[in-house]
Amino acid sequence: GAELASCCVLLADDALIAAQRLAQWCTNAPELEEELALANIGLDLLGQARHLYARAGRADGTGRGEDAYAYFRDPAEFRNVRLVELPNGDYAFSVVRLLVFATWRLELFTRLTDTPDPVLAAIASKSIKELDYHRSYAAQWVVRLGDGTAESRLRAQRALDEVAPHLGELFTPHEHLRVDVASVRAETTAIVSRVLDTAGLVLPITESATGGGRDGLHTEHLPALLAELQSVARADPQATW
Amino acid sequence: LRLHEQFDDTIARDQRIEPRDWMPDGYRRTLIRQIAQHAHSEIIGMQPEGEWITRAPSLRRKAILFAKVQDEAGHGLYLYSAAETLGADRADLTQRLIDGRQKYSSIFNYPTPTFADVGVIAWLVDGAAICNQVPLCRSSFGPYARAMVRVCKEESFHQRQGYELLSTMMRGTDHQRATVQDAVDRWWWPSLMMFGPPDGDSPNSEQSMAWRIKRHTNDELRQRFVDMTVPQAAALGVTLPDPELRWNEERGRHDFGTPDWSELHRVITGDGPCNTERVARRRAAHEDGAWVREAASAHAATQAARAREGAAA
Amino acid sequence: GAELASCCVLLADDALIAAQRLAQWCTNAPELEEELALANIGLDLLGQARHLYARAGRADGTGRGEDAYAYFRDPAEFRNVRLVELPNGDYAFSVVRLLVFATWRLELFTRLTDTPDPVLAAIASKSIKELDYHRSYAAQWVVRLGDGTAESRLRAQRALDEVAPHLGELFTPHEHLRVDVASVRAETTAIVSRVLDTAGLVLPITESATGGGRDGLHTEHLPALLAELQSVARADPQATW
Amino acid sequence: LRLHEQFDDTIARDQRIEPRDWMPDGYRRTLIRQIAQHAHSEIIGMQPEGEWITRAPSLRRKAILFAKVQDEAGHGLYLYSAAETLGADRADLTQRLIDGRQKYSSIFNYPTPTFADVGVIAWLVDGAAICNQVPLCRSSFGPYARAMVRVCKEESFHQRQGYELLSTMMRGTDHQRATVQDAVDRWWWPSLMMFGPPDGDSPNSEQSMAWRIKRHTNDELRQRFVDMTVPQAAALGVTLPDPELRWNEERGRHDFGTPDWSELHRVITGDGPCNTERVARRRAAHEDGAWVREAASAHAATQAARAREGAAA
C-alpha cells in the first residue's frame, strides 16, 4: 500500500510540475502550432498526474483526493526530480528538457506496464502512447534547432549543457520505484544520443549524481512554482471548485 | 459580368461560395477582414484566461481551462486557414495585428482579476460569441461557415463548463458568491457591447447582410443574448447589473438599458484598460519566437536541398 | 482617522507593488551599476510603504502592523494604481514606467508636505529627496535609450506607448487623497515631456481614463504578484519572523 | 632587479603594494585571478538569496534581504575595480565567468529551498567568508586590502542579521525550528569546504603566503570558523551535523570530522547541483542587457561628438 502510493506520488509529482512549466508557455509560444502542441503535452501530463494521485490516495489508505496532493503539500513534501522544476528558459531549453524527460519517462512507464498493481499498469500503458508523441515532438524540434541557424544551434547546445547536470538524478535507484535503473539509463541515453547525432549536437559527459528531489530536496524554483500553483486554492480552503 | 451574375445567383439560392469561385473584390476584402479579426480575437482572447491556468484552484479546473485555451489557439488556426483560402497570408495578418492595423474583439481588453472571471468569461463572453457565430455557420463563404460549425460546437461546450464552474462557486462560500457577482457586474455591459454598435450606427451591416456574411442585425443578436441569459442568471442566483432589465409581456422579450456606447468607442479605438498590453504581449511572443521560426525554415531548406541532391545522385 | 489611513494605504500600496517589481530585476539587470540603482530605488519605495502602513495602522484605530497590510489583504483590497502592477517587460519599459511613476509621486508628495497630519507630512518630506533621485535616474536612462541605438529607440517608444494608457488613472481625483489633481497632471506632464523631448521620444496622446486600481479593480497581474509576495507569510501564519 | 628587491622589501616590511608600483607578473596574475574569483562570487552569490526577496515573509526581512543582496552587488563592483587597477578589464572578466573560464566560490552552487536558507547562508556562509577575508584586510595589495575592509564590515553586519533571523525562527513554531535545523544540516559541510582543500592538497598556498596575499592556511582558517561557530550553534539551539565534533581540552580547540573532499572536487569542477544554472542565469542577464549597454555607449559617443562640435564652433 504505502510503497505503491509513494511510487504513484513521485511519478505524479514529476508530471504535475512538468505540466505547470508547460502551462507557462501558454500565449508565449513561438508559433500557434507550438502553442497547441505544448498545451497538448501539458494536458497529457496533467492527466497522468491526476490518475496517479487518485491511485495514491486509495493505496495509502488516506482516501485523499488529487487536490490534497497538488495543493496542500509543502515543497519539501514533493518528490519530483529537479529537472522538471527548473524555469523554462528559452524554447531550446524547454524542448531539450522535454526530449530527455519524455524519453526517460517512456522507458519508466514501459517497464511499469507489467507492475503487479493493475491500476498503475493501466495508467502506464495509457501514458506510453502519449509519451511517445511527446518524445517525437521534442526530438523533431531538437533536430530542427541543431540543424537550423547558427543561433539555434548555439542555443540548443547551451540547453543541453544546462540539462546535462540533471541527468544523474533520473537514474538514481529509488526504493519505491521498482525498475531496472541501469537499463532505463542505457535506453534513455541511447535514444537521446541518436537524436542529438542527427541534430549535430553533443551531450556533455558531466552527469552529476546530485539531486535529491526524490527526498524532498529541491531548488529554490520549486517553492516559487508551488506558490503560484497553490495560491488560489490556499487563499480560501473552505471554497468549492 | 457573367461571373458576377453567377455569384449573385449562388448567394440568392443560399448556396456556398468556395475559394476557387469568382467573387467581387469587396466581398473578398470584407471577408478577409472579418475572418482575420475573428482569428485575432481567438488568439488575443487566450491571454485574459490563460493567465489563470497556472493558478487554477483544482486540478480538474486546471485541465478544463488549459484545454479551453488550447481550443482557442485551435480556432485561431482554422480561421487563419480560412482567411488563407482567400489569398491572405498568416504571417502578414499576424503582423497587422501586432502593428495595430487590424482589430480583435474589444471584450479582451478587459482584465481578469479573479478566478471567477474565468467562469464569467466562458458563460457570458462565449455565450455572446455563440449568439454571434451560430448564424455564421450559414455564412455564404464555405470555408468560414465550416470553421464556424466546429468553433460553435466547442464554444458551447466551454460555455456549459463555465456555467458549471459558476454554479459550483455559487454553492460555495460567501466570498465565492461575492466574487462571482462582482465579475458579473464587470462583464455584463462589455458582453452586450460585443454585438457592436446599435443598428443605426453600423454602416457596413447592410452590404454584409446582402452578401450573407452577416445574417442578423447587431440589435437583434443582442436581444437574443439578453433573452437567453436572463433565465440562466436567475438559475445561478446572480443579479445582472441593469435596473432597466425586465420582461416585456407585450413584446415577448426583455427590455434592457443602453450600454455606454462611448466606452465601446474608446475601447475599440485602442483606449481600453488592456489594449496595448494585449498587443504588446502578442508581439513579444512573436518576436521572441523569431529565431525558432527561422531555425525551422533553415532546417526545412537544408532538408529540401538534401532531398534534391539525393534525387540527382 | 479613516480618511488619513485610507490615504496612507493607497500611497503605501503604490510603493510596495512598485518595489516588488523592482525586486524582480535583482540579478537580471543589464549592468552592475543598474543592479545597485534599481535595488536602491526599490529599497526606498519599500521604506516609504513601511512608514505609510505604520501610519495607517495607527490612524484607522486597528493598530495593525505593516505586515497585516502587505501580507494579509487580498488583491481586491489593494488600492494601488494599475501602472505599478504591470509586469516589468524589458528594461525600457521599466525605466519609462519609473520616470512616469517617480515624477508623479514626487508631485504628490511635494503637495503633501503641508498636509495637516504631521507624520504623513514628514514621510512626504523625506520621500521627496528619494523620489528626486529616482526621477533623475529614470530620466537619464530614458534619454540614453531614446538617443542611443535604433533598437533602444524603438524599445523606448514602445514602452511609452504601453505606459500611456495608464496615465489617466494617475490623475483621477480620489476622495481621500486631497491634492490638486489638475496641477499634479500639469506638472507631471510638463516634466515628462521635457525628458521625452531631449530623448527624441513622443508621448502618445491616448490617455485612457480607465483604471480602477484605487477602487480595488486590478489587472490579472496583481493576484499573481501578491501570490508570490505573500506565499511564505501565508504558509504558516503562526510563524514569527 | 632593483625593482624586484624593492617589491620584496615592501612585502617584508608588511607595507602595501600600490597599482603603480612594480610587481612580478606572477603576483599580478595571481591577484587578478583571486580578486576576480572573489568578485564573481559576490555576483553569483546574489542568486541563491535574491530569489527570496520577492517572497520574504515580512517587510522588515524583505528590506534586510534586499539591502544585503544589493551590498553584494556593491562588493562585486569594488572588487572588479580593484582588479582593474591591476590592468584587468571588467567586461573581459565577466566574459570569463560566463564562459566558465573563471571560477567563483563553490558554495553558491547549492540551492536555497526555504527561507531558513537565507538565514543560514548569512550566518554560516558569510561567517566563513569573514574568517577568510578578515586577514585579507592586511593583504599586501593596497586596493584589495582596502576593499576587504569595507566588505568585511558589511558582511559582519549581514552575519548578525542572519543570526538574528535564525534566533527569531528558533523561537517560532515547531515547523520553523525544523526548517532551520534542516538548512543547517545542508549548509554545514559545504561551509567548511569554503576554506578550500586541506593544506596538504593546496599547492598554490605557499607562494601566496610568501606574497602576503594569503595570511593563514586553509586548515587554520577552517579551525577558527569551527571554534567560532560551535558556541553560536549552541546558543541558537541547533545541532551541527557532525558526530565527531567535540571540544578537545588538550588542544583548546574543537575536533571535527573530515568533509567529503570528493564532493568539493565535484562541485569545483562544475558538477555541483546548480553550477550550470547559476552561470546560465548570469549569462542570460548579461546577454539580455547587451542592447542597453550598447545604447548607453552610443549615446555617450553622440554626446562626446556634440561636445567636440560645440567646442569647435
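Note that the chains take the letters A, B, C and D in the order they are written out, and that residue 1 is the start of every chain.
Going forward, contacts are C-beta pairs under 8 Å (C-beta built on N, C-alpha and C of every residue); 3 or more make two chains touch, one makes a residue touch a chain.
What you see is a predicted model, and the numbers here were worked out from it, not measured in a lab.
A.B. asks: Which chains sit in contact with both members of the pair chain A and chain D?
C.D. replies: Chains in contact with chain A as well as chain D: C.
A.B. asks: Go through C-D and B-C and name the pair with more C-beta contacts between its chains.
C.D. replies: The comparison resolves to C-D.
A.B. asks: Take the average of all CA coordinates in chain A, do the same for chain B, and state the distance between these two points in whole angstrom.
C.D. replies: Once rounded, the distance between the two centres reads 34 Å.
A.B. asks: What whole-Å value do you get for the distance between chain B and chain C if each is reduced to the mean of its CA atoms?
C.D. replies: So the centroids are 35 Å from each other.
A.B. asks: Taking each chain's centre as its mean C-alpha position, how far apart are chain A and chain C in Å?
C.D. replies: 39
A.B. asks: Where in chain D do residues touch two or more other chains at once?
C.D. replies: If we look for residues of chain D contacting two or more partner chains, we find 55, 284.
A.B. asks: Would you please write down the residue numbers of chain C that are in contact with two or more other chains?
C.D. replies: 223-224, 227-228, 231-232, in rising order.
A.B. asks: Chain adjacency by touch: line, ring, star, complete or other shape?
C.D. replies: other
A.B. asks: Applying that definition of touch, give me each pair of chains that meets it.
C.D. replies: In this structure, the chains touch in these pairs: A-B, A-C, A-D, B-C, C-D.
A.B. asks: Inside the complex, what are the residues of chain A that reach chain D?
C.D. replies: Residues 75-76, 82, 86, 89, 158, 161-162, 164-165, 206, 208, 210-212, 217-224, 227 of chain A touch chain D in their complex.
A.B. asks: Taking the complex as given, what residues does chain B use to touch chain A?
C.D. replies: Residues 43, 46-47, 50, 53-63, 66-67, 69-70, 73-74, 76-77, 80, 115, 165, 168-169, 171-173, 175-176, 281-282, 284-285, 288-296, 298-299, 302 of chain B touch chain A in their complex.
A.B. asks: What part of chain B is in contact with chain C in the complex they form?
C.D. replies: Its residues touching chain C are 48, 51-52, 55, 111-114, 117, 182, 186, 266, 270-277, 280, 284.
A.B. asks: Where on chain C is chain D touching in the complex?
C.D. replies: 16, 20, 23-24, 26-36, 39-40, 42-43, 46-47, 49-50, 53, 66-67, 70-71, 91, 143-145, 147-149, 151-152, 155, 228-229, 231-233, 236, 238-241
A.B. asks: Quick check: in the complex, which residue numbers of chain A touch chain C?
C.D. replies: 74, 223-224, 227-228, 231-232, 234-235
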